[in-house]
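One structure, as structure tokens, below. Some questions next.
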Amino acid sequence: MCLAVPGRIEEFASDSGASPLEREGVIDFGGVRRRVSLAFVPEAVPGDYVLVHAGVAIQRLSPDSAAQTWQLLEAEVEGDSAPHEDSTKSGTVDDA
Amino acid sequence: MADAGRVAAAVALGECPIPAASDCVQLVHGAGGEASRRLIDSLFARELGDPLLVTDRDAATFEMPSGPGQIALTTDSFVVHPLEFPGGDIGCLAVYGTVNDLAVSGARPLYLSIGFILEEGLSLATLARVVGSVGWAARACGVHVVTGDTKVVERGKGDGVYINTAGVGWLEPGRACGPSQVQPGDVLLVSGDVGRHGLAILALREGLGFETRIESDCGSVVRAVEALWERGIRPRCMRDPTRGGVVTAVVEIARSAGVEIELESLGVPVRADVRAACDVLGLDPLEMACEGRVVLWVAEAHADAALACLRELDPSAARVGRVRARAEGRGRATLRTEIGTTRWLDLPSGIATPRIC
Amino acid sequence: MRDRFHDPERVRQLAARIGRRMTRGWRIMEVCGGQTHAIVRYGIDELIPAELELIHGPGCPVCVTPIELIDRACELACTPGVRVCSFGDMLRVPGSSGDLHSARARGGRVQIVYSPLDALAVARAQPDTQIVFFAVGFETTAPATALSVARARAEGLRNFSLLVAHVRVPPALEALLDAPEAQVDGFLAAGHVCSVMGLDEYAPLCERYHVPIVATGFTPVDLLEGLLACVDQLEVGRAEVVNQYARAVASSGNRSALELIRQVFQVEDRCWRGLGSIRSSGLALRAEFAEFDAEHRFALGVPQPLPASRCWSARVLRGEVKPTACPEFGRACQPLHPLGAPMVSDEGACAAYYRYRAPGAVEASAVDG
């Protein structure tokens, strides 16, 4: 489900409105550009990579964490060592 | 706006305000009277600029080459929205589409007929560009537009311009090729990178809001094909991968030839921006239409020479697969994926629409 | 090599490692249709040991949209003065009497959009037409829909409304785990849902049902890493939430998106096509947004009773059987004339099998009987 694709923020859209919900930017997907809502990535700035679904950025991609995951697994395959590190969290989102 | 301005100016000058020369197509242009004549003489004859074009008789006559051979005839219709797109327009698309169909059958394209169905209200400037591009493309392919026709439909009953063509070519003995000649061991080549036309059109479609610099690949394959013949390379089979892209071309040939074809995913040339756009829209570049490419089946012994020849015209030409064996039952095609696994290929189902889920 | 996520060498290593790790057979369900699509498209199920059975979950939001809602969308499209906008894949899903494509062919107004925000733009541009966005999707899509309605309210747009069919993944997993037929040992959770929602909802499921859940991406390497993380846990008897897709998933999700979802939607019971009603599995507009609810704005007819179906989609969606086991697969039911929703969307399990397996699969199922 939910085809989501990473793209790079090129610039903030000059005519996007003042409210946070109206924040928009132009995203470059490797040569294809589109205007996308940045309402849900308030900290993202041009140059950052975001994950875009249905015209909306749903997450800022951390280049660090991408590299880390990669290295972790690299080490694991070679060393055949302990299983993955967990990011287990308890607790629930109370609504919705 | 322009009309209103001109009428106002005409009234101010004390002239009759009925626009003598409108800047858009009107029903009267298709009625066969004076307006039709003027449109044909001024716009069509001028923009097509073909010495063999017949405008004052009901049928064109033309010479065919002497010697043994057969006449090849094809017809095609063109409806494309938008009419003008990066890399081409409906006019050159109509010429290339028709000429390419002849070329991939082994025939040398010679003559075209072209029929326009125009929608009332179409700007004459647009029409002039489209017709100009027909003329330009025909000269580039070395074919003559010998006859044409124009009809006008009411506004709202067409989509600007529809074009129907017929193409006549000459098939010399020994040049016939087709699925029945495909043999196990044959190599598949493609004459250039794939998928650009389909994507250029889709990205522009109303409402999707994508901006790309991807240009349609629309063009003629005649030079590539003729270059092969000139060097004595005889393609066993050719197909222009239009609707449904390379996948459809390969699956259809596998079925009609009764063979198993393996397509090599990593071998198929796809530009990085085309791949990126396909990822965004959830589409497969191998299923996107090309309008200036040819997929060829050649004997293994000719493969290197054929590829070298194609690469002189387009460096992105590539070897993309081979015919593995004669099929037990129905012919079929497989794809070797990027990760080295193999899966079946099937005809794409339905229209390529951007996928969200 | 295309990129490191499609590296054949890496893929081989991971598959081999999964094989070495396994001391017995396991059944792992990939929840998401996008993952099913990738698994079949890349033939990943053929790389892994036969004892590792992949079960395709209900994760195609288009496929699980109830027939009644599709019928309503078709009815709206044919109502004078109304235009229905939705995603391209929604148009081909059959209702009780045709899909949105056929509604358009009968004169209905239907438009494909890439984003709910595009539907909003249509509403601004056509003030005299009522624009209804048919909002399908899991939690991944809910922020975009919520944003469109929040902006419509801020702008005072009176001609924009939503036909909401949003569903939530965790309650569906719970329902699957509760079903007696289900024998799922572990799950690959849908990476993009987790990008929005985070991982918090999964820990209680791991604990209660003792199943490992791995938030997983969509490339071949992602999927194999996800499977490995699942098998690793199963082999040592652990059942925890693991984040394979850390480059796009923070364990707390996307806070501002979650906040807007909470403001706009409330949780309610929802019927899933093929699965029936699932508690707390749907999102509906809150009372404050009732004026943007198409079901309130338009008097919609009572849904028609449905003819009995030969479609096995319920069993397929629950992971009980592979699509090829369905007697209609590849025969009466094909992508061009689907009997059930999973044959419609490219992500539906039946369509994914048909597209990438057709000749072999049909022959095999014929032999199977």
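Think of it as A, B and C in the order they're written, each chain with its own count starting at 1.
Here, a residue touches a chain if its C-beta (ideal position, glycine included) is under 8 Å from a C-beta of that chain, and two chains touch if they have at least 3 such contacts.
Everything quoted here is computed from the prediction, not taken from an experiment.
A.B. asks: Name whichever of B-C and A-B has more C-beta pairs touching across its two chains.
C.D. replies: Taking the two pairs in turn, the one with more contacts turns out to be B-C.
A.B. asks: With chain centres defined as mean CA positions, report which chain is farthest from chain C.
C.D. replies: Here the answer is chain B, farthest from chain C.
A.B. asks: Measuring from the mean C-alpha position of chain A to the mean C-alpha position of chain C, what distance in angstrom results?
C.D. replies: Whole-Å distance between the two chain centres: 20.
A.B. asks: Find the geometric centre of each of chain A and chain B from their Cα atoms only, then give the gap between the two centres in Å, rounded to an integer.
C.D. replies: 40
A.B. asks: At what distance in angstrom does the C-alpha mean of chain C lie from that of chain B?
C.D. replies: The separation of the two C-alpha centroids amounts to 37 Å.
A.B. asks: Spell out, as numbers or ranges, the residues of chain A touching 2 or more other chains.
C.D. replies: 1-3, 53-55
A.B. asks: Return the residues of chain C touching two or more other chains; collapse runs of consecutive numbers into ranges.
C.D. replies: Those would be 33-34, 60-61, 87, 114-115, 118, 137, 141, 347.
A.B. asks: Residues of chain B touching 2+ other chains?
C.D. replies: 209-210, 282, 355-357
A.B. asks: Once bound in the complex, which stretches of chain B touch chain C?
C.D. replies: For chain B paired with chain C, touching residues are 207-210, 266, 282, 330, 332, 337-344, 346, 349-350, 353-357.
A.B. asks: For chain C, which residues count as touching chain A in their complex?
C.D. replies: Per the touch definition, chain C meets chain A at residues 4, 13-14, 17, 32-34, 59-61, 87, 114-118, 137-138, 140-144, 147, 150-151, 154, 168, 190, 192-193, 195-201, 203-204, 225, 229, 232-233, 236, 238, 240-254, 256-258, 260-262, 265-267, 283, 347.
A.B. asks: Considering the complex alone, what residue numbers of chain A touch chain C?
C.D. replies: Those residues of chain A that touch chain C are 1-4, 6, 19-22, 37, 39-42, 51, 53-56, 58-59, 61-62, 65-66, 68-70, 73, 77, 80, 83-84, 86-93, 95-96.
A.B. asks: Can you list the chain A residues touching chain B in their complex?
C.D. replies: By the definition above, chain A touches chain B via 1-3, 5, 7, 29-35, 52-55.
A.B. asks: With touch defined as at the start, can you tell me which chain C residues reach chain B in the complex?
C.D. replies: Residue list for chain C touching chain B: 1-2, 6-8, 11-12, 33-34, 40-44, 46-47, 60-62, 87-92, 111-115, 118, 122, 136-137, 141, 220, 334-336, 345-347, 351, 354-360.
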